[in-house]
Amino acid sequence: MSAETILETQGLTKEFKGFVAVNNVDLKVRRGDIHALIGPNGAGKTTFFNLLTKFLAPTRGNILYRGTDITHERPAQTARRGIVRSFQISAVFPHLTALENVRAALQRNLGTSFHFWKPEKSLHHLHGRALELLAAVDLQEFADELTVNLPYGRKRALELATTMALEPELMLLDEPTQGMGHEDVSRVTDLIKKVSVGRTILMVEHNMNVVSKIADRITVLQRGAVIADGPYAEVSRNPQVIEAYMGSTEAELQGAH
Amino acid sequence: MRTSPAVLVTYLVLLALAIAAPLVGLYPVFVMKALCFALFACAFNLLLGFTGLLSFGHAAFFGFAAYVTGWVVKVQAWPPVVGILGGTAVAALLGLLFGLVAIRRQGIYFAMITLALAQMVFFVCLQAPFTGGEDGLQAVPRGTLFGILPIANDTVMYYVVLAVFVACFLGIKRIVTSPFGQVLKMIRENEPRAISLGYEVDRYKLLAFVLSATLAGLAGALKCLVMGLASLTDVDWTMSGEVILMSLLGGVGTFLGPVIGAGLVISLQDTLADKVGAWVTVIIGAIFVICVLAFRKGIVGEILALLERRKTRV
Amino acid sequence: QISGDVIRIGVITDMSSVYADIGGQGSVEAIRMAIAELGGAIGGKKIEVISADHQNKPDVAATKAREWFDTQGVDMLIGGTNSGTNLAMAKVAQEKKKPFISVGAATSALTNEQCSPYTLHWAYDTAALAKGTGAAVVKQGGKTWYFLTADYAFGHQLQADTTKVVEANGGKVVGSVKAPLNASDFSSFLLQAQGSKAQILGLANAGGDTINSIKAANEFGITKTMKLAGLLVFINDIHSLGLNTTQGMFLTDSWYWNQSQETRAWARKFFDKMKRMPSSVQAGDYSAALEYLNAVKAVNSDDADKVLGQMKKAKFNNVFMKNGWVRGDGRVIHDMYLMQVKSPKESTEPWDYYKVVQVFKGEEPWTTKAESKCAMWK
Amino acid sequence: MTEIFGIPLQAFLGQLMLGLVNGAFYAMLSLGLAVIFGLLDIVNFAHGALYMVGAFAAWIMLDKWGVNYWAALVLAPLIVGALGVVIERFFLKRLYGLDPLYGLLLTFGLSLILEGIFRDQYGVSGQSYPVPELLAGSTNLGFMVLPNYRAWVVFASITVCLGTWYLIERTRLGAYLRAGTENAKLVQAFGVNVPMMVTLTYGAGVALAALAGVLAAPVIQVRPVMGSSLIIVVFAVVVIGGMGSILGSVITGLLLGVVEGFTRVFYPEASNVVVFVIMVIVLMVRPAGLFGKEA
Amino acid sequence: MASNELLRIENLHAWYGESHVLHGVNMSVDEGEVVSLLGRNGAGRTTTLRAILGLTGRRTGSIRLRGTEAIQLAPHRIARLGVGYCPEERGIFSSLSAEENLLLPPEIAQGGMGVAEIYEMFPNLKERANSPGTRLSGGEQQMLAVARILRTGARLLLLDEISEGLAPVIVQKLAEMIHTLKAKGYTIILVEQNFRFAAPLADRFYVMEHGRMVREFRQEELAANASMLNEYLGV
């Protein structure tokens, strides 16, 4: 609708040999929002992400980013446009240090990535910025730790830091709190809120506490199709959503006695 | 990536030994051969070890470069330098060709395609008029390097080969630690992530492949001058298997590994060939199996891992 | 003045592959027999033989030869079967200025385009084979030929030489097909040969390839419509094929164990050790080693040039040849024999396979000076 | 006389027959490879070596104990199958979950070992295995004289291939296998002893190779290198057919046999390489092979 | 009580690669009982079921099935102790027809339902019998996934999210089915998002949070626990 729309999908559809994973999805993401995408397992959320980031080619439909059609771009191109995603199962470079992980992202804009004759030193000037970013997710004391040795929650945090290093306009987070303990969850939640300033965030999240806490807008997928779209308060009251996703409401429970 | 003093010392000791080799009466031609294969293995390892691509067709670059060098030096009677550069350049082009076809395929498919392409190169070497078919190119003269160095003399040739090898070894070390090397490492560790960070991984893989092919070609070109011949053995697919073994045995993804591996395999073949006949194949096969089952890190890799554990324990 | 106080003969041949029975361990044994004949030493200086397997790979042969000359102090090198490997060894020997005697190799190039003062070609060559079998078969009425050729230097050479002879005798070559070395199945090549409607199928191949192609030819009934001409057939091949499949076939060879008292006597000695009759190549190895050692004895030195000088003016008389001598191109001149394979009835004992139909005397079978392209023989 | 592609009709038909004979071997070998790859996700480099062992088993049994062809046709595959079971239990088992390339390298090593042992025992030059009396002689098809034995080879291998195809596509065991390739863990959760099934599948796969070996024995010289010279081509066949696709590998095998046959007519020297050219082209156009499922 | 105890789990830990998912689960199920595991996404319910069958990565603790310790057993051995599993992702095999899918699991005990009986229960499956498994609609796939373990004679059924993504009418059908099964004396562990579906069916409820059982109560205590569920299920 408004020029504020940063990302839009039109009739986006993905079929896997006859099986429809994402079904004719029209989605609008407003600039600056934290936009949550929820839905039962297998609803097509990850697939939807994979379509946005070009890891899968859509069977039908278009993807518009700031008005331009990016449906047929290569993944890397999309990434350089400023659309960056995180993964459902944590995505880091396990045998690089935390610092090198972040540096990996910073290095890209340097344009020397094909220079196989330059020494590693030519990257050291990036360390300052890298440390800042690590600090932002309070990982600075782990800077020289090999990433494999970090706890799961820390990895997700590092992933976030790396993603931020690309200065993305639109961040796609797939279940950022998945597999985390309570304290991790709240840390990452705050973190997302923190980094969301000046950015747009589209995230898949099963944890309704997180969603209710930070999401400005929610889209509910079910079996690949959008069944509801709107602010949390409204959507969480939508009976269809309750039916399909939240499964139960106070109303029901009270009804029980 | 920073080289620790211990490692540095090891390098220096090995270098000293290499320099002393002919003086202590080691047969220079043999050591040169070993060095050529060591370079070949290092080139291969740049791909498998530092990019994570298993090529089953690297013999093509090694062997074909040898033919080109032989042809330039013997048939065209151009100076050896031209021969070596020519062979290397052609290998680079061949690498680009292979890469463009194969690079988009993953794992097994990649291995199979490179194998298929290499078989075609083998066919060319067998049929093309300039390769001498089954007989190969023989009695390739060494001539004199830059018109001054009498490399026909084994000892002189030896130090030339050693110099080239050391240069390439350091070169590879540089490539791996360079910004480019960093990207390769990312690709190896987590390719989807590298893509999502905006790297066109295929292009990086391609460059890595070409670099590897080029160095493999250089190794082949040198071997052609050292042995004075280019033959089908060097383009045969079993040669591709051998270079894998060398890297695997020494330690994939380590710098010194392929060198050690090549040294071992070559001396093994050389010493055993006449004594045990066909058992060489058996032994080599057994080494393969043991490497894959028992120590996938290879000799050097295991040693490094051991030291690592030491460090953490202390 | 014997270098290293030992006379060391090196023999590099096919020890494990298709020609292992024709040369292989048997060659080494034959050379030992020669050494034994001189009492194992000359002037108190020990005589040794060392051997290696070239696996029919020129690079292996060359590498081994180079290493031996450089590090093992080998005084003379004997080359076994396979042309490619011998050409490679000849090159190395020439570079190192050491005598090289090629016994088992067929290619006439050794004494032609690629002749060298250090190379002696001992037993036979493609030119001789061609003149023998080719001419004989054409005379028998085999006018039209089709070649099944082993796709490497030796095969091409043999086909070329034979073609010359066939055409010179008024025959005609209607076509040829190249089969890869050690092809596992010749049937489709043979079908093509059959399609050609030629009278004669010339087998320009050797060892296992010859055996397999003859087998397949019988299997596919080619032998009903065409006559086979084995251009290089060794007695071992006949042995493994049996007389039923091979009887009546013409072939040319440099020696046959069952020719005379002397040959039989020597052959039996060999048989006791190897449990098979010697091939012409093995007999050749024996005589080559023997004549070399005689020369060493004569000049009492193992210096390459002295010994070769001696050999080039000597007359060779041994179980392998009578009145043999070395020609300017390095070709050793001796008689060759056109033989026909006996029928099972004619054969009186094991390994009794041939009857000699024609003897080519002295220079008759070999390349003539006119034909030769050998630079140093002009 | 009528001609096709500029060659006489009868020559054409003749080459077609011979192509089928070779194709029959490709089909059987690639079938085994496909089955193994499908379920174990292992590229069985040892396949060629085991094919060779099968042929030698037959030859040795005949040579030493006078075991005739028909008995060998049963025994050799059993022996090699047992060997396969041992290999899977002691070596391959340890590699599951690792990069499939390790399986490739390990089996490559195994093939070297096997080949080396037989090279040492029997040299490189071939041993010849006589054609069984029942199939001796040949039939004149008019356009060519076809040895009866070769006809039998085609018949036998096509029967075996169809049999295997039926087993996998139409039986309960086949259902387990197919399901196992999709989701081994779940099948095991249903109470199927998947590890055992995997072991036996490997055994069966290599038994097929051995069977091909016995069939080949009378056609070609039985020699240690017979496998390694074939395996590369068979790989190409499997890749072209689409890795893991049973029917695909069989059909492709027969097709390529024929294609190779014709190449021998037009450009004999190229007969050894044509398969690889086709492979590269196919993979450029269809990354998953002709019959493979797109990932 | 313990006499007819079918399953007892003590201090069960389970991992997926690096992430530690179950942190000491304790629970028990009696013969003929229907037990429901509640909890948010990611609480660890699926993992609990998978761990019972040994389908997770590493697992420690104790799992007794009719007294037999199963923690060390291979999945197929556990299954043959009489366990039937209906996975969350349904696990329908695309290379098998619907009927083949149905007939795939081997019979592990007497007294499984006959195919006719099953087709009677799910007529749609009969119609689609010959079409490839994954061509069935999500609902049909779900039915198939449940149906195929009824054939095998397993007495303990682990059902994960069987109502997920299904049209209410089918959910209704499934509810009836569970009643029937219960009547037939099957023991069932029900993992459900859809509390409304599970509530009336289960005899007993466990509430999971971060890989632990944090609450347990019986059907009749349901109302009393309303507020607590509220808090834990975040609804």
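Labels for the chains are A, B, C, D and E, by order of writing; each one numbers its residues from 1.
The criterion applied here is as follows: contacts are C-beta pairs under 8 Å (C-beta built on N, C-alpha and C of every residue); 3 or more make two chains touch, one makes a residue touch a chain.
Which chain is which protein? Per UniProt: A, E = ABC transporter ATP-binding protein; B, D = Branched-chain amino acid ABC transporter permease.
Just so it is clear, the structure is predicted and the values come from calculations on it, not from any experiment.
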Apart from chain E, which chains still form joined groups through touching: one piece
Those chains which touch chain C and also touch chain A: B
Furthest chain, CA centroid comparison against chain B: E
Chain whose Cα centroid lies at the greatest distance from that of chain A: C
Centroid distance [mean C-alpha coordinates] between chain D and chain B, Å: 33
Distance from the mean Cα position of chain D to that of chain A, given in whole angstrom: 48
Centroid distance [mean C-alpha coordinates] between chain E and chain C, Å: 80
Chain B and chain E, separation of their C-alpha mean positions in angstrom: 56
In chain A, residues with contacts to at least two other chains: none
Contacts with two or more other chains, residues of chain B listed in rising order: 277-278
Where chain E touches two or more other chains, by residue: 94
Chains that touch, pairwise: A-B, A-E, B-C, B-D, C-D, D-E
Chain C partner contacts - residues on chain B that touch it in the complex: 27, 29-30, 33, 132-136, 138-139, 154, 227-229, 231-234, 273-274, 277-278
Contact footprint of chain B on chain D as seen in their complex: 43, 91, 94-95, 99-102, 104-106, 108-117, 119-120, 228, 232, 235-236, 239, 243, 269-270, 272-273, 276-277, 279-280, 283-284, 287
Complex contact set, residues of chain A against chain B: 53, 55, 74-76, 79-80, 84-85, 87, 91-96, 100, 103-105, 107-108, 110, 112-120, 122-123, 162, 166
Interfacial residue positions of chain C with respect to chain D in the complex: 16-21, 151, 177-180, 182, 184-185, 187-189, 191-192, 195, 207-208, 211-212, 215, 219-221, 240
Touch list for chain E against partner chain A, complex: 16, 18-21, 40-42, 88-89, 94, 134-135, 138, 161, 164-165, 168, 192-197, 199, 210, 222-223, 226, 229-230, 233-235
